[in-house]
Amino acid sequence: MSSTSSPRGDTEERAGGARTERPSDPRSTPILSLREATKAFAGVHALEEVSLDLYGGEAHALVGENGAGKSTLVKILGGVHQPDSGSLVIDGREVVLGGTADAREAGIAVIYQEPTLFPDLSVAENVFIGRQPLRSGRRIDYRGMHRDVSQIFERLGVKMDPDRIARGLSIAEQQLVEIAKALSSEAKVLIMDEPTAALSPVEVDRLFKIAETLRSEGAAVLFISHRLEEVFVLCQRVTVLRDGKLVLSRKLEGLTGDDLVRAMVGRELQARRHEPHQAAGTVLEVDRLTREGVFVDISFEVRAGEVVALAGLVGAGRSEVARAIFGIDRYDAGAVRVGGQPLRRGSPTAAMRAGIGFVPEDRRQQGLVMELSTEENIALASLRALRRHGLLFASTERAFALDWAQRLQVKFSRLSNRVSSLSGGNQQKVVLAKWLSRRPRLLIVDEPTRGIDVGTKAEVHRLLSSLATEGVAVLVISSELPEVLSVADRILVMREGRLVATMGHDEASEERIIAAGTGQNTGADRIEEPTS
Amino acid sequence: MSTATAPTPTIAPASPRRLVDFVLRARTFGILGVLALFVLITTAIQPRFLHADNIRFILATTALYALVSVGETFVVITRNVDLSVGSVVGLSAYVSANMFQAHHGIPIPVVFLVGLGVGLACGVVTGVITAVGRVPSLVVTLAMLYIIRGVDTIIVGSGQVVANALPNSFINIFHATVLGIPDIAIAVAIVVAIAAYYLRSFRSGRELYAMGSDPDAARLGGIPIGRRIFGAFVLSGALAGLGGVLWATQYNTIDATAATGLELQVIAAVVVGGVAIFGGSGSVVGAALGALLLQTISSALNVLGVPSLWTMAISGFLLLVAITLDRGIQLWLAAALRRRRVHLGA
Amino acid sequence: MEPERRTLRDRIAPLIRWESGLAIALVGVLILGNSISSQFFSSYNIFTLCTNIGDLALLALPMTLIIITGEIDLSVASVLAVSAETLGALWTHHWPMALIFVVCLVIGATAGLINGLLITRVGLPSLAVTIGTLTLYRGLANVILGASTVSNFPAPFNTLGVNGFLGIPWLSWSVAIFLVCAVITGVMLRMTPFGRSLYAIGLSQEAAFHAGIRVKRTKLLLFVASGVVAAAVGMLYAFELSSAGENIGIGFELQVVTIVLLGGVSIFGGKGTILGVALAAFVYAGLRSALLLTPSFNENDFEVVSGGLLILSVLIPNTASFVQRARMLMRRGHVRDRRKVLALADAEVLDRD
């Protein structure tokens, strides 16, 4: 007898060739079924006839490059958009979601990457906003609300005061509140959109444990992530989208990371190899840099022509160090020297004059002015240099921007369109173009490939490498270890505000970096202390 | 944790929730504290200040400002602003007082209703343009300030309502007291209490705070933004309309310039009272206290012989002090909350 | 992607903008004025029109820059008053005019500096701060001169409100100065790094800062400039009126904001041109002049009109884009239900992945 599994229940052959379906397993009918959904924006298809089935008690991963349509699909399920065609079936009934409230009522809860809580309201109010339990006379039952939220937190194993104001909660804590919100409305489907991007491993663990709990209670979990390692840990089923179309939708068992990547990209990706670079003189010297409560005694150098990576857990203080060097944030003690000359603290202008470029972590809020055009964004850091006779001419700006857009192979339709119309990967290239066009001595890049599709990721890595070959000093901050290993000549690891390890590329490995980052000293692998 | 953190200040409570409550309460008490300070200093210099008559006068004058402040608070909480309240008060004052001139023997409650109606109408127009037309409230209420004042001037022409056109029973409303406290002050206090209760205990009230706290999240969360904004402006207009009648009972002679500039005093009262100019937090009680504080100061200056010319300057100065203080508190609170998060663990 | 070629559409599209609408409106207003009264184009009437608008237009220049960066300065009229009253007070005490000029400008700069520091260093919202300083400065202005009025300004200053610029009978000094300043400001705004940075700041302060733009210093500069200009206009206005007294310039700030918004500058920041504001100023002044020439139409009626104009200036573009989105949705045929179309057209710009 052989049995084949198919997405809709199991079938098995009996002796004699007759096929029977096993009696329906409660898990064999999907809780939610999206059928042939199509959605286009301004003539561009974001989704084309995509179908997706979510089963209760199962974690389902949704993967794909940027622009593949994941975000659109999530928004459709969340009621933010309506599909142009196609249908949504929940618990066997066809449903039309006119808005987010409809989605919530249908039992769908979405946790976005950036949770949106009301900072001035309490945690409990945030959980129950719009649905606060009422007592007599339609008045809000605060005590009942507090009780309900406390119970939910207990169920999740979380310690948080329901009456505390939401302002000041960390991203991880905000996500927990969102999850509590989902539970309080008895969501049957929990959708998590890139939830782990800003979480530390401890927080990721906790999140996964909670997802497991919900799964065991029969909910369906849809997990969108770029981190394939996490997908394999958490999920049982996977759907891959590419260019708005469905490529793959099946059980995860039996698949490898490469299979997924191949499905996402549609071609073989070369294994990332590291190219060593020739380092020359010191460009950046960081000398006992300290900012109270954030980082302490950070000292390191970056030389021309080398790529140095700053690794460590989220919250270790790496971005803060970078921002302090560039002058966005101030520091309390220590010094920064560029090319031997002391650099004034707290002044991005001084840093730029010294030849430093800074690609920030948050592309949309800090890296780009989303409502300006692509060309204006590229030229934004070079305005003074572009003057002719003291004035800026549009033609000069455009030529300059075009030149750099082409050099970095930015895919655009019109340079004069808003930069928000570009995909994530191309937006990142615009940010890079903005800084590279200044021909910096030192380029600091914070999370160079976050939220970028695999293809562009490789391009960015190649770009950083070639920069080093040209003699630029490059400092990269990254939470993606494969990226760190493939790009960096030297790796510095920070933990809790201190620099705890340095390793050259040849001696580095994911395990060693993680060990240093989490402080696990496994005896056999000794961590080098930083040499100043 | 090996990273250095500043030691927790010992007077502030440890838990984040208690900390925030503490700060909020301190802010409200702060107003009372400043109030007490002013009263004490002024009385020390000029004992006449604490006379029953004077206190009654202060309370009676405050009533109008506190009433309009309640409506303004509703609007500001949603991250909007209503600059038209002064013009509404002026128009309502004239129209309602004129009722006595035009219709002899008209019952006083009807006049109040007329004032309310005038305010409601203005509020509805403003609300519709803001909520449906999606025009920023700063622009709309600025325009309405002009339009309503213009309409007022056209209606008034060169005329005015003179004191002796008003029946004594109407004029006495301003002076009537119960147990020594002015009637109108008590009435307004009741309105404040109802408003405060509503904002605390009803879903739609909490939604107003949500809208000001994060407008995008509010929209995503399915809160009926248009309806709520409309409601807030209608209320603001209605209360300003009632305020107009109170103006008439106080000033008796009303021309086209009545209540010009009142909106600035109301906004000052609201901000001094702890309502964040960007919305999301604050209370009507605070706003009413803010109005009381400003009127007390005005009276104090008067009693101390400081020329009334200085009142404007001083209330402007106080507004600046209030928002600077609030900003300082906000920064301190944010830092303190971050420290607590670190201590209590994620 | 090949290098872009500028199609005809590219060239035409920028012209079909707010500024064109204003230009048309200006022509319309002039025609209206002429049809109401043959006196409209008389030298005297134009001159009066100019004196009415020149000061407001000058104040509108720094206001435009400030609003583009996402802030607002409601204290300009009060600074104007402080300057005018100081002029009056010092003149009564026989100070030399040159020195008075310096003092007034310094006062304006200080007033602007206070605004700027509270907004950039302390981090307070400009709406609240300038409402506070509006009250504070107006109060101080009232204290300086009290209830008295000074009117005995010397020649040639006391003829600024009467004689035309360089002898041109219909062109007031204030408008002439405005035109020169407008050109300079306009060029600065469009074609210098400083001017460009204002748009970036208005659209995304954080991103501008991360690109090396000194946001705080820029805003501080703008508020100081606003104070200086307001002080200068205060003196100019006092000369034009040949008097400095209580309540001078009251309500100006609202008129200035009206003109700036009518000029197509977005109250949220990041958009707007000096050309638009200049056109709006003249449309405003022309309309007022034309309407006032109509019998039985007076200043108060104009208040109502200008309020209406202000609302329309935002309502019309809003409705237009709403209708455009709704039509696009219906045309694509995907959404039939009328209500859904309305709701969707309402939604924000849908962003891609």
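Read from first to last, the chains carry the letters A, B and C; within each, the first residue is number 1.
Here is the rule we use: a residue touches a chain if its C-beta (ideal position, glycine included) is under 8 Å from a C-beta of that chain, and two chains touch if they have at least 3 such contacts.
Since the structure is predicted, the reported quantities are computational estimates derived from the model, not experimental observations.
Remark: among chain pairs A-C and B-C, B-C carries the greater number of C-beta contacts.
Distance from chain C peaks, on a Cα-centroid basis, for A. Each chain gets a centre from the mean of its Cα atoms; for chain A and chain C, those two points are 43 Å apart. Centroids built from CA atoms put chain C at 29 Å from chain B.
The set of chain A residues that touch two or more partner chains comprises 99. Annotation for chain B: no residues touch 2 or more other chains. Only residues 40-41, 44, 46, 66-72, 81-82, 84-85, 98-99, 328, 348-349, 351-352, 358, 360, 365-372, 376, 380-381, 383-384, 387, 390-393, 402, 411-416, 420-421, 423-424, 434 of chain A touch chain C when the two sit together in their complex.
Remark: chain B residues 1-6, 15-17, 20, 200-203, 206-207, 209-210, 212-214, 216-218, 220-223, 276, 280-281, 334, 337-339, 341, 344-346 touch chain A in the complex. Interface of chain B with chain C (complex): residues 81, 129, 133-136, 138-140, 142-147, 149-151, 153-154, 256, 264, 267-268, 271, 277-278, 307, 309-317, 319-320, 323-324, 327, 331. The part of chain A that touches chain B in the complex is made up of residues 80, 99-101, 104, 116-122, 125, 129-130, 132, 134, 138-140, 159, 161, 163-165, 167-170, 172-173, 200, 202-203, 292-296, 496-498. Those residues of chain C lying in contact with chain B across their complex are 72, 118, 122-125, 127-129, 131-140, 142-143, 146, 254, 257-258, 261, 267-268, 300-308, 310-311, 314-315, 318-319.
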